Amino acid sequence: MAMPEVFTELARRCNNWGRWGPNDEIGTLNLVTDAKVREAAALVRSGRRLALGIPLSLDGPQTGAIPGRINPVRTMLAINAPLTGDPTQFCSSDDIVTMGLQAGTHWDALAHVSYDNRLYNGYPADTITWAGAARCGIDKIRTLVSRGVLLDVARAKGVDRLPGGYAITAEDLDAAEELARVRVSPGDVVLLRTGQMQLFKQGDRVAYGVPSPGPSLGTVMWFRERDVAAVATDNLTFEVYPPEYDDLMLPVHLLHLVEMGMTQGQNFDLEELAEDCAADGQYAFLLDASPQPFVGALGTPVNPIVVK
Amino acid sequence: MAMPEVFTELARRCNNWGRWGPNDEIGTLNLVTDAKVREAAALVRSGRRLALGIPLSLDGPQTGAIPGRINPVRTMLAINAPLTGDPTQFCSSDDIVTMGLQAGTHWDALAHVSYDNRLYNGYPADTITWAGAARCGIDKIRTLVSRGVLLDVARAKGVDRLPGGYAITAEDLDAAEELARVRVSPGDVVLLRTGQMQLFKQGDRVAYGVPSPGPSLGTVMWFRERDVAAVATDNLTFEVYPPEYDDLMLPVHLLHLVEMGMTQGQNFDLEELAEDCAADGQYAFLLDASPQPFVGALGTPVNPIVVK
Amino acid sequence: MAMPEVFTELARRCNNWGRWGPNDEIGTLNLVTDAKVREAAALVRSGRRLALGIPLSLDGPQTGAIPGRINPVRTMLAINAPLTGDPTQFCSSDDIVTMGLQAGTHWDALAHVSYDNRLYNGYPADTITWAGAARCGIDKIRTLVSRGVLLDVARAKGVDRLPGGYAITAEDLDAAEELARVRVSPGDVVLLRTGQMQLFKQGDRVAYGVPSPGPSLGTVMWFRERDVAAVATDNLTFEVYPPEYDDLMLPVHLLHLVEMGMTQGQNFDLEELAEDCAADGQYAFLLDASPQPFVGALGTPVNPIVVK
Amino acid sequence: MAMPEVFTELARRCNNWGRWGPNDEIGTLNLVTDAKVREAAALVRSGRRLALGIPLSLDGPQTGAIPGRINPVRTMLAINAPLTGDPTQFCSSDDIVTMGLQAGTHWDALAHVSYDNRLYNGYPADTITWAGAARCGIDKIRTLVSRGVLLDVARAKGVDRLPGGYAITAEDLDAAEELARVRVSPGDVVLLRTGQMQLFKQGDRVAYGVPSPGPSLGTVMWFRERDVAAVATDNLTFEVYPPEYDDLMLPVHLLHLVEMGMTQGQNFDLEELAEDCAADGQYAFLLDASPQPFVGALGTPVNPIVVK
């Protein structure tokens, strides 16, 4: 079935295929320059660090709605096992984990979604096999360090948390940017706060999932025009859900990942960061959210670190 | 069996129990101050980034010698699965991994080793249960950002790679520090290069494992006196192996983790970094090697990021 | 807190500790004699076979209520991977599974439950470590072949399915035995049908779980006096749930496994078997429900096979 | 590359495609009739049971040579965890396993191998996807109960163990049949003993793997003409390895699974059974080796049970 015109028109306008050559596999992360990283490092004033990753455990946000994307099951391989048999000498404890790579705080690899048999930059979708993503896998991103900017849409709208299903608009981003007193510029990583994470932290992972506020079709060109390097949200679905159009499922995923080649993240805990930025008025900072180097992976757990 | 005096004497001298209070669970990471992080950020000159994590895949360094500590098995949960049933619309690909938390580039949690039923700070070893480490688990370390210093012992000794089983001495550290033209100071994270990683990168994981050069009993007080926050190596065993004394297994682990409360890392790929530091003469840099927030875990995979 | 007298009295009466010697680890399975197996084999008339295991997949009965006991996650390790690189020659497809051993149709090992630090036969509960069950693990049961007897309590009571929370009585077992026209005798394996499995097969795994009909305190001595070798049910909780007494959680588990040393099974699909037995009037048959030989395991998946 | 004629000629002769209709997915298991099972049950004389599954643990036969096919990693989800918080009341211990479905004693599903994009009965190989085998998966085999016949080739040749790389011939099968004093007939499951399992039981899993004795191209028509339902061996590679022809990898797999549709098993421990059969002279028996019902799986662990 053909995509509706509201989608195809946006796809045409935001498309970045070929912009960084026919062999590019990292898309808008090409916009992160050494100069941008120097700029980010220069923002470090107090030396304060904040971690944005949610705890990795069985109490994670997955409900089983996405088959097999399980919360981390971490078990012990050994507990104080004496290497020589003598417990007064060297003993060690080890563990093992099974988890969906997209289960907790994570980045989607560009190859995570496709449509009409295409990935970002026009690579065929069937370059993904049982062995993983031959193209646009998460391992193609060596580091993800840049200037981070918090766009606290909830605060800019004067609420603790946007209502479930709220479709964030370009005007909302403008307002959040104004609140931040920062101009988002090429290569920035935008952290987009909806406040939805509060539901997870209150222990209600079902409510946390759906309905969810999030970026809409109306924000796609905003990110494209500002040449943002990556965007992450504090919710499960990334974009607004249920979708704006009944016959257009998760279109923002397709426009960001496939058309723009813009890496996106989910389940970032932005609550403490939002308090911190409101308190000191500094909404731009050094951010390291580099992937774990899973070969051929479609996503990666990440513990994003802010240094201010 | 009682520990030999060479060990107990060192244990007494390097011990940090109680130094940061009876409830402390992160040990020498207390030495990473905001000022130290500001100092590290100020070292960023070019904006260049390097990633030190080895690839996460079945081709990892584990040989089966440590039961259950398996290299990452990453498999696909879905490949271009059409959400609506229509492949011209939204399709997604997901993956899942099972891996030993200490299988690749990783930090050992302080609780990773014990002897005589004691963990760091005197916590009973049986605070580790099937549920994980109630004390000194990796989740107690929220961030691990500091000034990193490369001590390239191999280069300082004029070799590509230290011989298997070579016991690094305090004098070797002095020489590497001199090469670096940096004075290691409280709160620094030391990256200790032996060159052993070359064996792994050449594809020989058996040779990579044992015998291995590494820090010895002779370097423990050096790290203690400099008040280093954490130490990581480019080998599998961390310390020299086979051990210096037949009846004293992995004593450096015990002195670092249990007595000093100093977090230690293994399998850091320091090859590219060593080339880079030799080229620009800058051996100190901003380092983010924050853990993944696994609740109660005995270790964590990490992709350490250097910014210069 | 001391156990209530209704429990301790039953515990005293049904206890089998020492009956098969101080080193016994299989309890009532000792009652399965060669003669009993000959008797069972002689019941084979038509040669018809029925399998009682429910499908092993993500659609299993686990809801997440028991942390970590996950439904099977089976993924592909390879899909038509050409061994020589040439797809016209040998290609192979492999898979891997992660699953709770008690997730689907399974036997509980005798060591699965304890109270007051005791397992069956008086073994200390702390003989179970991270390495598994040193005593009474599932691997101590080499084979589990015997005469199986279906006690179709639902049918005997004239209903399709016993109501949720119904506590089966000894009289109910008598009635089901009368329906079966079989006298349960030492060494038999009883398959106890409540009809609860219908809820699972209708796709409602939440309703399937709780509330559940099942054997009660009132049936314990019945099994003990008949010297049954093992009992399995067609529900998730095995015994009636919620429990008969608010302050006595899962007492039948404790009496069966710890006091009697009677292996018990759950999630057996008895629907087709019940139809078959009603049709031919043969409620006793050859049953093979031998464990998978997991070393030190606390349970085992099983696909019980009936031959009639 | 075209297959050599020695292969294509055999493929033509042994082919069973269409024999049980165009929709058949179980091949020669169609030959197991109720009458055959009655015949098998009638062989039960003593009631003695033997289990042929090797222990499931990290000490399994996998060496890492087949990527991801890992030996079972079984860990504890809970150890004597008190449900109410009170350890004098109900406590439970649970475990979880990750394992290759073809890691231990197992059956290959017919879909396990393909060539030239074809599975058994002509199904396209691409009916296997990330979701598993849509055709000829192990779940299509509901039960696998039949008369088992031990063909002890090693004993018939007067050796404890056939030499590594020995290619079993049709004459060897004749000799083993003569030793057994049984005529293999349609629907029988043949257990083929080479003695290779001794190497595994002696603790040498590398030697156990390769080189290995096993059935050769010369035995294919023997199994086809006798209309055997399934064949299992006591080695890792099933067929002789290294292969008879340098340019023909694992041809017996292809002929058995793809052309004949004959399910095959590996890593069956036939040592105790061989002793038993030699002692009582009874080489035919009731065998239950039914799969675990993994949905869409390419293989299944099995604990084959012999009743004599």
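All chains are identified by letter, namely A, B, C and D, in their written order; residue positions are counted from 1 within each chain.
Just so we're on the same page, a contact is a pair of C-beta atoms (placed from the backbone, for glycine too) under 8 Å apart; a residue touches a chain by one contact, two chains touch by 3 or more.
Because the structure is a prediction, the values reported are computed rather than measured.
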Strictly by the touch rule at the top, which chains does chain A share as contacts with chain B? C, D
In whole angstrom, the CA-centroid distance of chain A from chain C equals 45
Just curious, how far off is chain C from chain B if you go by their C-alpha centres, in Å? 46
Two or more other chains are touched by the chain B residues 67-68, 70, 73, 75-79, 96, 98, 129-130
Looking only at which chains touch which, which shape fits best: line, ring, star, complete or other? complete
Residues of chain B that touch chain A when the two form their complex: 1-3, 33-38, 41-42, 44-51, 53-57, 59, 66-70, 72, 74-80, 83-84, 86-102, 111-117, 125-126, 128-130, 132-133, 139, 142-143, 145, 249-251, 253-254, 286, 288, 290-299, 301, 303, 305, 307
Contact set on chain D toward chain B in their complex: 58, 63-64, 67-68, 70, 73, 75-79, 81, 98, 129-131
Partner chain C, residues of chain B touching it in the complex: 73, 75-77, 96, 98, 130
